[in-house]
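Below are two complexes that have chain A in common, paired first with chain B and then with chain C.
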Partner chain A sequence: MKGPQDLTRPDSQKATGFADAAPLISLKGITKRFGKVVANKDISLDLYPGRIKALLGENGAGKSTLMNMLAGRFKPDEGYIEVDGVRKEFTSSKDAIKAGIGMVYQHFMLVETMTVAENVLLGQEGSFFINPREMNDRVRKLAVDYELEIDPTARISDLSMGEKQRVEILKLLYRESRVLIFDEPTAVLTPREAFRLFEALWAMTRLGKSVVFISHKLEEVMAIADEVAILRRGAIDDEVMRDKITSKADLACRMVGKEVLLEVTKEDVEIGEKVLEVKNMTGIGLRGINLHVRKGEVVAIVGVAGNGQQELVEGVSGLRKPPKDTIFIMNKPWRKFFAEMTWNNSMSYIPEDRLDLATARNLDLVDNLLLTTGKGFTKGPFLQRDKAAKVAQELVEEYDVRPGRIQALAWQLSGGNLQKMVLARELYRQPHLIVAEQPTQGLDISATEEVWNKLLEARKMAGILLITGDLGEAVQLADRVAVMYCGQIMDEFPVTDTAKLDNIGLLMAGVRE
Partner chain B sequence: MLGYRLQKRDEPWSWGAPIIVVGALVLSLGISALLLKLQGKSAVEGLFVLWQGSFGASWALEDALLKSIPIFLCALGVATAFRMQVWNIGAEGQFALGAIGATWAALNFPDLPGYLLMPLMFFSAAVFGGFWAYIPAILRLKLKVNEIISTLMLNYIAILLLEYLVFGVWKDPKSYGFPVTPEFTGGAVIGQIGDSRLHWGFVVCIGAGLGMWAFMRFTRLGFDIKVAGEGQRVAMYSRLPYGKLTILVMAISGALAGWAGCIETSAVVNRLQPSIMVGYGYTAIVVAWLARLHPLYIAISAYLLAALRVGVENMQLELQIPAAFGSIMEGLILMSVLAGQMLVTYKIRRKK
Partner chain C sequence: MLESFIVPLLAATVQSGTPILYATLGEILTEKGGILNLGVEGMMSMAAFVAFAVAYTTGNPWLAFICGGLAGTVMAMLHGFVCITCLGNQVVSGLALTILGVGLCNFLGTPFIGLAAPGFSKFAVPVLSSIPYLGKIFFRQDALVYFCYFIPFIFMIFMNRTRLGIAITAVGEKPGAAAAAGLKAVKLRWMALLGGGFLIGLGGAYLSLAYTHLWANGLAGGRGWIAVALVIFAFWRPGRAVFGAYLFGGVMAFQLRLQAIGTHIPSSLLLMLPYALTILVLIFSAVRGRGGNAPSHLGINIEPEG
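And now, the complex of A and B:
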């Protein structure tokens, strides 16, 4: 967050009188698997009245799976949920609502053409007919109690994002939810609106609600949380009281973690010419970026999500136009490179979004192979599908993509197999530059290892720009590490510089020594 | 609800498509029978007359085949656009423009021999129809105008334009005031095949159907259209020129509808007159969906819906049923097929 606004909670906002209260909701050793992937591993959490618990974690750390279990959409494979100390089975989202659990999602579910009060009362049980004035009065009173200033008669389509979010909250409060879970609530808000949301959250805790705040913005977590739980690779990695966290950098260090899950051997390869150069790039959300990648090396961009990594990737991969004369790929200016781009011996982009960006979900593997290699299988106006099918079959076998049928549609593949297919296709193009964005996110250990080995092997032909939120991955693969914060590169150093590596949390939190 | 719930299938229901179409037909015929009953007619007799009129006699079969020609071409066109998720609802207007384009050529070069005039008419019909579809395409790309609305509105403009021409500048002075153009010269009329009532436009249909099938299946451009239909993000990732492809599919769509208009004017009425506008362009949308955009199935469902039209005309004559009954049945079939399509990805389970 920018600007001078002080986010810290004033003493007058502290919730009192809940010191000895029992938890409203307890998660007891919850595990959830999807096939081989363990999305949540032995998670135990207690949610107390009058407290804000921040849940920190990168994308793919298992936050949404956990939320879905609390919302009654998924059933845990192991473990259970306790409501007021009593074990409960949620068979549908209705049960979760009855238990007093409410969610505020990033995408609002409101009827745009109806008023605030109508939306709040929509679908609530009660009498069939409702007097509009009484309806407005009830909503107005609720809004005042929780400091969620809003006009009950306003139409949703006229509201700002912040106001719409307040309506979502009022919906939950109206049906007397006791635990309110917010999924990255400030992502859609202006800084001013974000602060007003915090005031509302504090008001809720004073009235005995329990709040779960999911975010990866360190400032916000520091400002409003009473307790912090850190989720990594599906498990609770750390759980601390806010008082024990000394600074933003401390929090960042805790978030990054240290454990090594997997080690791969990295052979030396010959370092070649520059394949990517970013020169003093300012614009599209970035500030003064200087960076280069040579053939044969891996440069890792690390940092907390949302600090400009996506903008950098979009610029380099050609999805978004960067300012003039800032990006040079294979010694050509951006514009010239993409105008002359060939299907092979060029650049490959392995995006974070495997389904819907890297692949077309309803097309089979042959068609998906042709997405980026189509030019290589074209003769005159015709597409040589038979030839492509043969190559697809070879790639499926070589990379062990399961199920081994090339007729399978992209959506039918598991995340790991789909990623292997994307990798197979992109390496088949013999690229000189590879942009790999979160290449092992959500994959199990064996798939992660395969992807890592393939990427390391690819160094023989290409330079790799790796964007990752997983420091372990950066350490295993990279030659150099660059840390991004707020659209800038804080520092860049060789991966062998252990002193700097130890302090990487500080850099990720925007602190320069 | 009611003790049942929907559950997502792990794999799409492979036998779903034919079962759903048949089920939807049965359901809509059932509802139609009920509607007949409400009108005080015998439902059984009504359905029998419908069957007689659709398939019961050689004239009915021939009539249906004739009507299926413009429907097929329009449906082939809209299916191309639909495949890229460009919602061209404007086949009706593009059909009208095609008829105008063909008439323009026929009236201005009446003395050309058929082997020159006919290609000129088809060319001009394609250009006129294609241009009419190009307008919403460019509006969508440059100004983000929703093509569903713009194509629909352009239909009305096209019909008014056609009426303006036949009531005004192109009106036949010898027509005793009827809004028709002069009759086309011999070179501008598509002839009959042998002794049948079927004309050579039927062969154009077969050619266009095979051509589009091969285009979508074997060419790079056809593949690009298919990929672009999977979403703008994938198209961007694959570095496809999304805008140019949008224009291309709309132009193809409009050109095919234009051909339908050309054939209808030249072969069926031999002149331009407002009565050619009977909603083939709208039926084409139903046909394209029923066929799930596949050319062969488009041919089959174009014939079925043409037969339905003929059959309902028969019902109108024999049972004094309102003309709107045909549209109601068409609508029922489309709605039940669309609703039924959910069953491909979901199954209905009893609640435990």
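And now, the complex of A and C:
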């Protein structure tokens, strides 16, 4: 059986006759901000009939925000959308649907208690009364026409993920959408279902529909895309035709980018004892991981998102229980370490999700400081909030967290300032091991530089496990680099090994020389 | 026994079940749209009062009946303003609505205590009323009871066979999906809430126009709460709501009759019967594990996005 891994588009599946067509949809200079965070920066993109455009980017690169604007859910702050060369303003999903734009969300937008046919026809104009039999027949015919077999009378809650997705696609086809957006459509599918999806996508391009395929799986993009647009830090970083991409490794390189945005000077620090050791770890989605971090070292884990980095972080930071005798932190087995863990002089975790995992969004900076340092501010059963407030004020000044008020709530801070606050709190704990997950994702250059300098400074007291999707970050900070692919470490080498560093794209794509 | 006790009892059952049925269907409609309205008791009280006052001043019972429904709608608007517009807590708003409705009704109603207003009287439906037993039970009632026979059917057709009904169900289940399909989720919630409020109001109006023609404070007498419980018992289905409403109507009629006959059982124990049954019914529903039938976004406000 064919899976998406060994998949290429057969010639019979090629869409022809749309070579010189004008774009169906053009995005012109779209910018979107959420508060002070710029999610999309001056994005221009053309979508042509009969083509599949892959939108590639790490988590948080701004893919979903961009597509939500196209689907009418958000309004852009700057720029506009053209449909057939005519400028349009979308005020709701309805406008986008009318313009022929349909989206299959990552989390399906289906009403579980209703039938397939009812979901497909939901929101469609028509007579006040409905005739279930006629409705079912119509949906059945549509399903047969597009080879998306499904029983129109089945309840959504009884369907598999693949079938639910088919219902979503039918919804768009029923509305005669011309632009179909798929947000990470294969994330929930089995390989067999994914293959069927691809066939359906090809069938749609042959009918002149334009498909947008959002993904961070390189194989899939290689297999089905006609054009690839790479989104990084909210902006289009690269846009190429599929034919110009020579290999998966080439694509991986384009995705992580190599240009040096910023350089920091790295002083030598004394290397100490091992603070983290992972021995032959297999389980929770990982295979045969061996890794160690010494005090004074930065070890960077790089790779395309979704290749096991998350599992590794969760295992090391104590969120998820690893197999027995695989993880040792400060020379203690995992279970013992977390049982005896103290608030300071142990481990700090800087999560990727700043607003919901690292901080509590509706609490002020003092309470957020106390989240992980609370035990350091107790006297008997009482919390010394005054003392914590004083420390918070000092940290805010030392790390230049703006606005400099400790009464500010976490959500009111920009991404960079919030990250500095998190960093200040975690370093205040004087950790021996720091797990930093995408520490500069979504930050501007100056905030990135400050975070990098702080992390390098922290090497004096701790070893750092850095998980990053940004190769530049790994090169600037790390002593050693480990490349992850499909839950394994492909290779580990010193950052000074430029020969290997040049071929890192191959490793990230799972190719070993 | 049959002729002298059971048949009149069943006829009384239909009569006392009717206001509960109106209110239960109203609450089902509201909850199908995703809004939990615990103000039913207050809405019924206010509707009963408004209907009585209109009947008393104008002498037109049909106008009074409609005004009772509108009183329910106005109360529902208040709930909607708090929950849909201001995104307030639905439970708190509903409870406040009950306290407000019951209190206001007693305050405004006191001058009317003991007064009589024109209402609906019983009449026999030709032909049907001569069916043995059934005729006496079902077809020697007032116009509002006959009207009520049709409502569950209309309700079922509305929810299952009309675009609007399905859209309302979708909004109660998953407002995000409804919005993505191009429906105006907030508007649909308002429609379900106000429509439900109207039906609840009709139930209240029945109490002062047909159940009794005399005004007394506290007419709703817990029927609103029973309706809220019945929605759960009915698993949000109108057919089961009919069964539930008449079951409660039966128990209420039964305890009244038992009191009239003069038993040794203390009347306060008998008065407790409907509420004891409410608890039993809720336990039954919980054991059957059908709480999962509730609309998934019941009681959860739609937050604006973007």
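As a working rule, the second predicted complex is superposed on the first by the 485 of 513 C-alpha atoms of A that agree within 3 Å, B and C clash if a C-alpha of one lies under 4 Å from a C-alpha of the other, contacts with A are read in each partner's own complex, and residues count from 1 in each chain.
By definition in this document, a residue touches a chain if its C-beta (ideal position, glycine included) is under 8 Å from a C-beta of that chain, and two chains touch if they have at least 3 such contacts.
Note that the coordinates shown come from a computational prediction; the quantities given were computed from them, not determined experimentally.
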Room on chain A for both chain B and chain C (clash or fit): clash
Partner chain(s) touched by A:Lys75 [first = chain B, second = chain C, both, neither]: second
Touched partner set for A:Tyr105, first chain B, second chain C, both or neither: second
Which of chain B and chain C A:Asp367 touches, first, second, both or neither: first
First (chain B), second (chain C), both or neither touched by A:Thr378: first
First (chain B), second (chain C), both or neither touched by A:Lys41: neither
Touched partner set for A:Leu122, first chain B, second chain C, both or neither: second
Of chain A, residues touching chain C in the complex: 71, 73-75, 92-94, 97, 103, 105, 108-114, 118-119, 121-124, 126-132, 171
Residue numbers on chain B that touch chain A, as the complex places them: 11, 218-224, 226-227, 230-231, 233-234, 236-239
Residues of chain A that touch chain B when the two form their complex: 318-319, 341, 349, 351, 353, 356-363, 367, 370-372, 374, 378, 381-383, 385, 412
Partner chain A, residues of chain C touching it in the complex: 160-164, 166-167, 169-170, 173-174, 176-184, 296, 305-306
